[in-house]
Amino acid sequence: MPTHTITRSYKFCAAHRLHTDQLPPDVNQKIFGKCNNANGHGHNYTVHVTVQGELNPETGLITDVDLLDRRVKELIVDRFDHQHLNCDPAFEHVVTTGENLAKLVWEILIDQIPSGRLAKIGVVETRDNFFEYIGNPQP
Amino acid sequence: MPTHTITRSYKFCAAHRLHTDQLPPDVNQKIFGKCNNANGHGHNYTVHVTVQGELNPETGLITDVDLLDRRVKELIVDRFDHQHLNCDPAFEHVVTTGENLAKLVWEILIDQIPSGRLAKIGVVETRDNFFEYIGNPQP
Amino acid sequence: MPTHTITRSYKFCAAHRLHTDQLPPDVNQKIFGKCNNANGHGHNYTVHVTVQGELNPETGLITDVDLLDRRVKELIVDRFDHQHLNCDPAFEHVVTTGENLAKLVWEILIDQIPSGRLAKIGVVETRDNFFEYIGNPQP
Amino acid sequence: MPTHTITRSYKFCAAHRLHTDQLPPDVNQKIFGKCNNANGHGHNYTVHVTVQGELNPETGLITDVDLLDRRVKELIVDRFDHQHLNCDPAFEHVVTTGENLAKLVWEILIDQIPSGRLAKIGVVETRDNFFEYIGNPQP
Amino acid sequence: MPTHTITRSYKFCAAHRLHTDQLPPDVNQKIFGKCNNANGHGHNYTVHVTVQGELNPETGLITDVDLLDRRVKELIVDRFDHQHLNCDPAFEHVVTTGENLAKLVWEILIDQIPSGRLAKIGVVETRDNFFEYIGNPQP
Amino acid sequence: MPTHTITRSYKFCAAHRLHTDQLPPDVNQKIFGKCNNANGHGHNYTVHVTVQGELNPETGLITDVDLLDRRVKELIVDRFDHQHLNCDPAFEHVVTTGENLAKLVWEILIDQIPSGRLAKIGVVETRDNFFEYIGNPQP
């Protein structure tokens, strides 16, 4: 059966620090290296939101892109842009790795897709470091 | 079983307008927003053609790239480059969305792959808007 | 004397057709080739606005970036995005080449720079085609 | 079940020539065209290494990135960077196509992934030519 | 007289916050907007170092690139990568704008160019925000 | 006086080796490092050709782009694409550095610009290594 996807990309600039209070400082340093530096660092993040859906034969669309953009802007970009990720409540006990960020974006958006369904979240942290996450579908 | 793919990218510049005569003007405007503007707009389109195939152990190739390039140039690039997509016969009753463009490219190329099989079509409309389509295999 | 510049990039998608009524059709076709095709084509344009200025020692800035962004959005992006350039009054008797577009952007922005002065306009038409213009300073 | 991947990109510059001694010169020329030119040519290669794994709930990681980087640097980048691929023992009887290069990188790395498992190898040969390979899992 | 330049690009990830203690909080907020958010944010910075020099007719080089790379790595990348710019002593009383960062890089490197002379520093903060600085030559 | 430029980009893939017979092997190795490896390596080169000219008020153009493209294709791309630069007669006694390549392209094109004048040649060797050359104008 044919498969259509659209991937929209969104950007935000944020600071973060890889660190967990569950482990002692030297273990944090060993695991996260320079990403554990005390004052944090930052990235220009790009988030790819991939929606899969059936083609509406009349409009040629699989989802309402304007509505999707508004929701991602409100729920993701406005929340994280020009912020320190470690200060976000969702990361209070969760390390701000690309893996966890992709997972969080999935969980925030899973029931917000106007039509079609969320198929994949991608997070570009640097030009040489890219994360993808496919989570559980909406219950 | 191991899987080999090659993805070749092709470019064309075209105008288009998202509009369907099947719906009244105000509904077109509501659905397509500024993409429905009367005089059209345009993009630098990039089309990704992904071919999957078995490795020829002698040549190390999965398809004949020169032949593939010639066919895509003749059937896709020469047809759409520096044209208005809405003037193409295939779009007479079909909206020129990225979804439909990806589907059309699939249908044009599905029986034109020199060896191996067409696995996916990607269409880059802007740097933040990307479509993928996997259609039915060749009958 | 030290020189500081900031370059901000803005994007819009537009259709255009290279054509002048001052020349007969066959000459238009000869000069502009496929860019003269009757129904037009289009691009994802990127405009680079370069401002040169003196560093404010207190703020570390050479211009008011938010104000600059608002002005470019209002005067350039909102005017040309998702439009057909040939329908713009400024191009009624002027060919919509990259050269003329860069010149027009300069003329629109020359007296709109919050502080510092406009130093250069760049227009990216395709990934392999780039125009730059430096016009007369504000009188 | 949720799926996490990380893709790390690595670069090397190398020369190569598409040629096989198993075929006569005119057949090599016919199959490989200008890529068969006697003195070879070259590329800025980018290799994408995609690792899939389970999220460590404590660290938020799926693999040890520093260790992965060290192994890819030692086993891939140091071996091929600023070299002629056809002089590598692995290519003595194997054509240096993108398909074979992706396959070789897979075979070198398949049992070197610190944790998680190798999911895909990508090879960017030029901006318009991209290869992917998914091989057999580690025995 | 002919002019040769080479531009090398270097990357680092850093956090920063646009803020000056010389101005009250509301003025900081008004001037720097979201860049003034208390916890900071961050970027993937790219620094372009442009060296101009005379061509050595024997080697075809204008500077010693390996030595340049080592110095930029030691003096710029190692200093700022995975750090918070506001914690750097150079920014104790200086706002961490792109303008000031470019100027600081110039001042650090001006007397460190192996041969030839420093001609320009570029700082890419985001894909749409680029700074250039040409400072005073070495005394 | 206003200044218009157009920059066209062209690509070719080539092998090269930094080496000069005028110096002993150990000095070559010391100066050129891994770029001196005996079997050579290679790059995806991009050449930027910048032409400056007066705007033709009727056509809005500063040069004949099609003619420029044909000349660069014939004189540069066809000559170097899929070749080993060191085998080119121009590099018989000249090291194939980016500096010398930019200079050679200038010298080849200086009297081939359809209208306007050659203003600059850029050579992108890798994503982090860029050369520019401005030579003597045509006599």
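Miscellaneous remarks
Letters A, B, C, D, E and F name the chains as they come in the text, with residue numbers starting at 1 for each one.
Convention: a contact is a pair of C-beta atoms (placed from the backbone, for glycine too) under 8 Å apart; a residue touches a chain by one contact, two chains touch by 3 or more.
Since we're looking at a predicted model, the values are computed, not measured.
Of all chains in the assembly, those touching chain C and also chain E are F. Think of each touching pair as a link: the shortest run of links from chain C to chain D has 2 of them. Greatest centre-to-centre distance from chain B is found for E, with centres as Cα means. Residues touching across the chain C and chain F pair largely diverge in numbering: under half of the numbers involved belong to both copies. The geometric centre of chain E is 28 Å away from that of chain F, both derived from CA atoms. The distance from the centre of chain A to the centre of chain C, with each centre set as the mean of the Cα atoms, comes to 34 Å.
Under the contact definition stated at the top, the residues of chain B that touch 2 or more other chains are 127. All chain pairs that count as touching, in label order, are A-B, A-D, A-E, B-C, B-D, C-E, C-F, D-F, E-F.
Considering their complex, residues 11, 13-16, 34-35, 37, 39-44, 81-84, 87, 126-127 of chain A touch chain E. The touching residues of chain E, counted against chain F in their complex, run 1-10, 55, 58-62, 66. Partner chain C is touched in their complex by these residues of chain E: 18, 20, 22-23, 31-33, 94-100, 102-103, 127-136.
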